[in-house]
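There are structures below to look over.
What follows is subunit A paired twice: with subunit B in the first complex and subunit C in the second.
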Partner chain A sequence: MTTWSCMNLQDSASPIMEQLIFFHDHTMMIITMILAMVLYFMASTIINELVDRYMLEGQTMELMWTIVPAVILLFITTPSLRLLYLMDEIHNPIMTIKTIGHQWYWSYEYSDFVNVEFDSYMTPYEGDNKSMFRLLETDNHVTLPMHSFIRIIVTAADVLHSWTIPSLGIKADATPGRLNQSSFMINRPGLLYGQCSEICGANHSFMPIVIESVSTENFIEWIKKLSE
Partner chain B sequence: MPSLAVMASKKEVPQELSTAPFDPRFPNQNQTRYCWQSYVDYHRCRKLKGEDYAPCDYFRKCYESLCPFAWVEKWDTQREENRFPGKI
Partner chain C sequence: MASRLLFSSLRQVQKLQKACIHGRSRIGNREVVGFGFNGQYSYQDRIDFPMPAIRFKESTPDIVALREKEKGDWRKLTLEEKKALYRASFCMTFTEMNAPTGEWKSIIGIACVLISIGIWVFILERLFVYKELPTSFSEESKKAQLKRMIDLRVNPIEGISSKFDYEKGEWK
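Take a look at the complex of A and B:
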């Protein structure tokens, strides 16, 4: 259902996403100030009836309207680049998971301790079931330990896909024959949802991603049960 | 689902969690080559040092962590049939 929360970014579940939200708000504030200022200048120019027909240049004014926007841009690029390189960083991951995009489901592989692989298909929505999200639930959740750095390897088996979790600030293209790497740290437990973000065919909208974030002990229990 | 008390009492030391570390040869998002190189290195290492030379397992751990199972299976078949494209 569309609610007002759709207007904003999802609540963050990782430090990177938290920073991305701060950056978004910071940039939004600058944009709003520029918009207000430009609107004011335009309005005052239109309304003003005093015209100086002999003014050809104003060195000081021109200098200012060149330097001030440059400084404003610096205030946007600096945090932006900082975040960009922070997102690229691999902080000694404790484990690696692999996700492979197929037409039309995701499959996952855990191979650091036990070799486990499973497919994750969308669960069809049942009538008026209020306890599930339509088009977002899967039959198998990707269970992951929170508070630890996880590397994810994203690839595809047939066509382009894109593996996305908005609340973690992760989006990586899945390309056949190529392994893309990304890393994240989940800082709270719960279910995190995402959808395929690269048009991959007829059922592109029906291959969601669900991460189940649990404590490390519970994760070990889960992986043990799965490998039996 | 076991009760919380049962789950707490079952606390045991997890087996060592480790994965392929950061490799400065592959600093980019694209890790395809890291997987491939580890696979080739493992089999080359075993060929040069013998089947049960323990340090070779480092490469095995790397490629197992990074390569999709389907790729490894494909390469294993290629090696068996002597048509693997890499230098081993």
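Take a look at the complex of A and C:
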């Protein structure tokens, strides 16, 4: 989850998000270098007192400032396309969960082995429980096993919503009448938070998502208990 | 008629290489001394092209007499005469052209005024417009939430939990 004054991406909980963070850092370095270069050019043009009244063109310069940015863009597109296709690889997920967005809560269905369905509403903030994360906690968590590929199918019952967990690098729009598929694998145990990311009415800011990542044994215990 | 004007002005350019685009009647009695920086009958003090097309002041009998004297030995000209000759042909000297204007002071001043207006707007908004922060922003709440974040190992790679030494139970 995001901590205070956090200007950067959350730490990754999945291998794809790790790669996304690396790509982000790589591209950020390139654009910082470009920024430094452009600032230097601007500063030296301002201070410059030389004038060429008959300057019309500079063919070599124009060639260089077309080719060099194209090469820089190649350095950006190569990892980008690699990551794009990596994100779409099929991994034989061991289970599929369905999530349906409603106004204003999420409902989840685990229908692979047992038929489990539940709703997940935001817990309203009370002043007494001081360690509660305001606007992020839900009554039911989406419990999932670690180190297993999971497929998630996202849809909505009424209006557009968007299901996202930043630390997994997932965002999938929940469109009524459409099934959007995404897949992920969680690297570490813990609680992963997300919030609805498509405006959906009055309580759009109050329908969070909590994934509880547990060991496979704990997951089996949990789902057995729920199905009873 | 337009083509006749065009051809006559083109002929002038070829013959004399002096300023020749329209405006001749606006300069009064001023002598045309060259092409200028764009071929127009204008005077401009420019450090990158210090040869304007026309003299600065109109020709008066005094100046015409001085110009005759200028054709002779320059050592016979007094300093005052040299200065008068310069000021007749030019408005400013190079030193005057390059002199700092102090404009930066007004720019910085006005920028500071506008920034302070922005800061005042922000202060007045904080005082009169915004509601109270929720109780989860109190120090006690934040401490409890921070402890829970550390217990949950939130952001353990480079974030907050990576700065906590779990074996010793204290910050690194």
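The rule we apply is simple: the second predicted complex is superposed on the first by the 222 of 228 C-alpha atoms of A that agree within 3 Å, B and C clash if a C-alpha of one lies under 4 Å from a C-alpha of the other, contacts with A are read in each partner's own complex, and residues count from 1 in each chain.
Everything below uses one rule, namely that contacts are C-beta pairs under 8 Å (C-beta built on N, C-alpha and C of every residue); 3 or more make two chains touch, one makes a residue touch a chain.
All figures in this text were calculated on a predicted structure; none of them were measured in a lab.
A.B. asks: Given the superposition on subunit A, are subunit B and subunit C in a clash or a fit?
C.D. replies: Superposition result for subunit B and subunit C: fit.
A.B. asks: From the CA centre of subunit A, what is the angle out to the CA centres of subunit B and subunit C, nearest 10°?
C.D. replies: 150
A.B. asks: Once the structures are superposed on A, label A:Phe113 by its partner contacts, choosing first (subunit B), second (subunit C), both or neither.
C.D. replies: Touch status of A:Phe113: first partner only.
A.B. asks: According to the stated criteria, A:Ala157 is in contact with first (subunit B), second (subunit C), both, or neither; which is it?
C.D. replies: So A:Ala157 only meets subunit B here.
A.B. asks: Using the superposition on chain A described above, determine whether A:Gly190 touches subunit B (first), subunit C (second), both, or neither.
C.D. replies: So A:Gly190 only meets subunit C here.
A.B. asks: A:Lys225 in the overlay: touching subunit B, subunit C, both, or neither? Say first, second, both or neither.
C.D. replies: neither
A.B. asks: Quick one: name whichever of subunit B and subunit C touches more residues of subunit A.
C.D. replies: Subunit A has more residues touched by B than by the other partner.
A.B. asks: With both complexes overlaid on chain A, what's the closest CA-to-CA approach of subunit B to subunit C, in Å?
C.D. replies: Least C-alpha distance: 18 Å.
A.B. asks: Provide the residue numbers of subunit C that touch subunit A in the complex, in ascending order.
C.D. replies: For this pair, the touching residues of subunit C are 37, 48-49, 134-136, 140-142, 144-145, 147-149, 152-160.
A.B. asks: Using the touch definition from the top, list the residues of subunit B that touch subunit A in their complex.
C.D. replies: 7, 10-11, 14-15, 17-22, 29-32, 34-35, 64-70
A.B. asks: So in the complex, which bits of subunit A are touching subunit C?
C.D. replies: 1, 3-4, 6, 10-12, 51, 53, 125, 127, 130-134, 188, 190-191
A.B. asks: Okay, in this complex, where on subunit A does subunit B touch?
C.D. replies: For subunit A paired with subunit B, touching residues are 88, 90, 92-96, 98, 100, 109, 111-113, 115, 117, 151, 153, 155, 157, 172, 177-182, 216-218, 220-221.
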